[in-house]
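Both complexes shown next keep subunit A, but they swap its partner, so subunit B is in the first and subunit C is in the second.
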Partner chain A sequence: MSEKPELSDFELDALRETANIGTGSASIALSALVGQKVTIDVPKTSVVPVRQVGDRISRADEPVIGIYSSLQKGMSGNILFVLPQTSAFALMGQLKNRDEGIAHLGKEEMELLKKLGSVVCSAYLAGLAKLFEQRIEFRTPNIVSTVGSSIVDFMLVQIADDEEVLLISVAFNTETPRIDGTFTLLFTLSTLAPLLEKLRRKMGMA
Partner chain B sequence: MEIDLKSDLKTNRLILTVIPTQEYAESVAGMVRDLNASYNRVIYVSLNKLINPLRRELQDRSVDLGKFFFVDGVTKTAIPNPPEMQNCIYVPSPDDMTKLSIAITKVLQTFDPDCLFFESLSTLLIYEDPMIVTQFVHSLINKVNAYGIRAVFTCLDGEKERELIRALALTMDKVIEPPK
Partner chain C sequence: MDYHQISGSDDAENVSGQRRASPSADEAIAMGVKVLIVDDSLFMRTMIKNVILSTDSQVVGEAGSGEEAIQLYGRLRPNLVFLDIIMPGIGGIETLKEIKAMNNAATVVMCTSLGQDRIIAEAVAAGASDFITKPFNKDEIISVVRKIGG
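Moving on, here comes the complex of A and B:
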């Protein structure tokens, strides 16, 4: 395992800005899909132990649908798109033009969610790829239904419990129908060094 | 929400617990503690949590894992080939109710359980409509009755669950709901 880098406030700010770019692209893609204005909050950046990640992303007991993927080329990390269950059902209703929403996630809806996840992840990562001037690829997203405190376990099956992670998270919502959600990008500190090096070079700090 | 399974299971063989979302984790933990204290062999059907974090959480709560056999319907969605584990059987995904049913039957036949803990029916409702889930639970109850064991089902206290709770109320010996 490589050495864990120390992050300065400036670097955290720069990473937050990086997330802003990715989130902006993702929200435009989501907005085009649902035909609604998508409002995004200011991204939150923090370094936290793995076990605390779940609570940072959603309320612990809230039933959620997670669409998650890992980066496999260009960068090492995970991307997660979390929706409270009610929002996931409202989103599917919107995508399927059903004002009353949908009753459950059948195979068709699961496929639709995966496609939506792919589009949103692609848009999110396209912004980062542009910034870092390199191609970033991700695995086909997985869908999971669980509670808020457990969602992160699915993303972190390959990461040791005692790791610390850099979490870049941003909440978004639409008004009608009400859809709330969170995009999260996560890097283990031990794999962050190359990313920081690029960021420093980009900012003329290296 | 206080649920006293130790006492409720003495007089009721089939129990459905309806739990408010914000109290779900603590209530489930309390029920598992009660099952751990009352029985030696429990089947734990888990549809929400990966097996390792679930086992770790139970261990942290001083639950004797040796008493439990896990039917895990979710780990394979994240890890296609999870390592084999003693007292654990994996089902490909929580929406595959046929394989879930087959797995539970297998464990009923081989583990000689005292009780089955099913967590949770709300997860099934994400993938199927209440009528299909009701049929699944009825079939499971038939098996539980055939083996003469007790069973506890959990579900969230949500709008989506209302129809299922109504449909199952006649089949259960007791439905524990939050105070209105």
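Moving on, here comes the complex of A and C:
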């Protein structure tokens, strides 16, 4: 379901395609890391108050692992890679060659997940950098283990609760083992304007 | 969706809205390659179109679905088709097969995303001439058009 206040269909189409390209790059990196084919869903866009972001990305009460970073140069916004905890266990089992998966994420596993998140976020942004033909830099990602509804409490501390943000999310999964997750780009409406300008320029409209 | 309107006659409407008579084969070469762009994303179609319009080639039509692409191909007989692989409804592979059934010599370049290797192999087996991977840059598109234009 897409909500689109103040964004034209054309802009939303461009934003979805941008997310498609980023997720395509990220899924290749993830596929190489886990040795499994990664299937990606169609991008979904929504504009919501920041307090509702967690509910849009996962179930409110679901334990999740979030790896997040803010974009620093070339683009403003945030990137978020979310795995339900069960998927994080399966992913870790795959990385550690344990068919039964693992049942606990210790310091070592969290560090490994953070590195994996950094690689896939980097691949995602490399896709965007190629699209926009410019360098994009991001902060070293952070990792958090929490429930879906509170993930934004960690990553968006500088944004007021009622401020609206644009989310562009793409779900992905692998079949064996079953790993589900989402890649999300998040922009406050004020940081969205430069991105829309880039897209318009890309299309020769600015 | 914002489609390029194509008349039902032998005349086609170019992207600037001016009408022209269908060119002869020699004229077509002199005027550059006639291109049909097929992608469900208007953003992608616009990006490709802008690059082609910066050359001496022309975009004779745009389609946002496989169904429209098949119809437009039959009507316009372009020299080159840029065809997105993943589209809702009739997908790129099926569209490619339909176009090849109409004209086995059709030149169709598939537009793919990273990670679609298996589908690319299927497209090549179905007669795709080439493929470009999104996000493509201007030079990649121009290179394909020049290859076709000789």
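Basically, the second predicted complex is superposed on the first by the 200 of 206 C-alpha atoms of A that agree within 3 Å, B and C clash if a C-alpha of one lies under 4 Å from a C-alpha of the other, contacts with A are read in each partner's own complex, and residues count from 1 in each chain.
Throughout what follows, contacts are C-beta pairs under 8 Å (C-beta built on N, C-alpha and C of every residue); 3 or more make two chains touch, one makes a residue touch a chain.
Predicted, not measured: the structure shown is a model, and the values here were computed from it.
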With subunit A superposed, do subunit B and subunit C clash or fit? fit
According to the stated criteria, A:43 is in contact with first (subunit B), second (subunit C), both, or neither; which is it? neither
With both complexes superposed on chain A, which partner does A:10 reach: first (subunit B), second (subunit C), both or neither? second
So, does A:117 touch the first partner subunit B, the second partner subunit C, both, or neither? neither
Tell me which partner A:103 touches in the superposition: subunit B (first), subunit C (second), both or neither. first
After superposition on the shared chain, which partner residues are touched by A:93: those of subunit B (first), subunit C (second), both, or neither? neither
What is the value, to the nearest 10 degrees, of the angle subtended at the Cα centroid of subunit A by the Cα centroids of subunit B and subunit C? 160
A:25 contacts which: subunit B (first), subunit C (second), both, neither? second
Based on the superposed arrangement, let me know which partner A:131 touches: subunit B (first), subunit C (second), both, or neither? second
Please give the least Cα distance, whole angstrom, that subunit B and subunit C reach in the superposed model. 32
Report, in rising order, the residues of subunit A that make contact with subunit B in one complex and with subunit C in the other. none
Using the touch definition up top, name the residues of subunit A that touch subunit B in the complex. 59-63, 65, 85, 103-106, 110, 142-147, 149-150, 153-154, 157
Within the complex, subunit A is touched by subunit C residues 2, 41-44, 46-47, 50, 113-115, 134-135, 137
Given the complex, residues on subunit A that touch subunit C span 9-10, 13-14, 16-17, 20-21, 24-25, 27-28, 31, 38, 40, 127, 130-131, 133, 199, 202-205
Residues of subunit B defined as touching subunit A within the complex: 21-25, 48-50, 52-53, 74, 77-79, 94-95, 122-123, 125-129, 156, 160
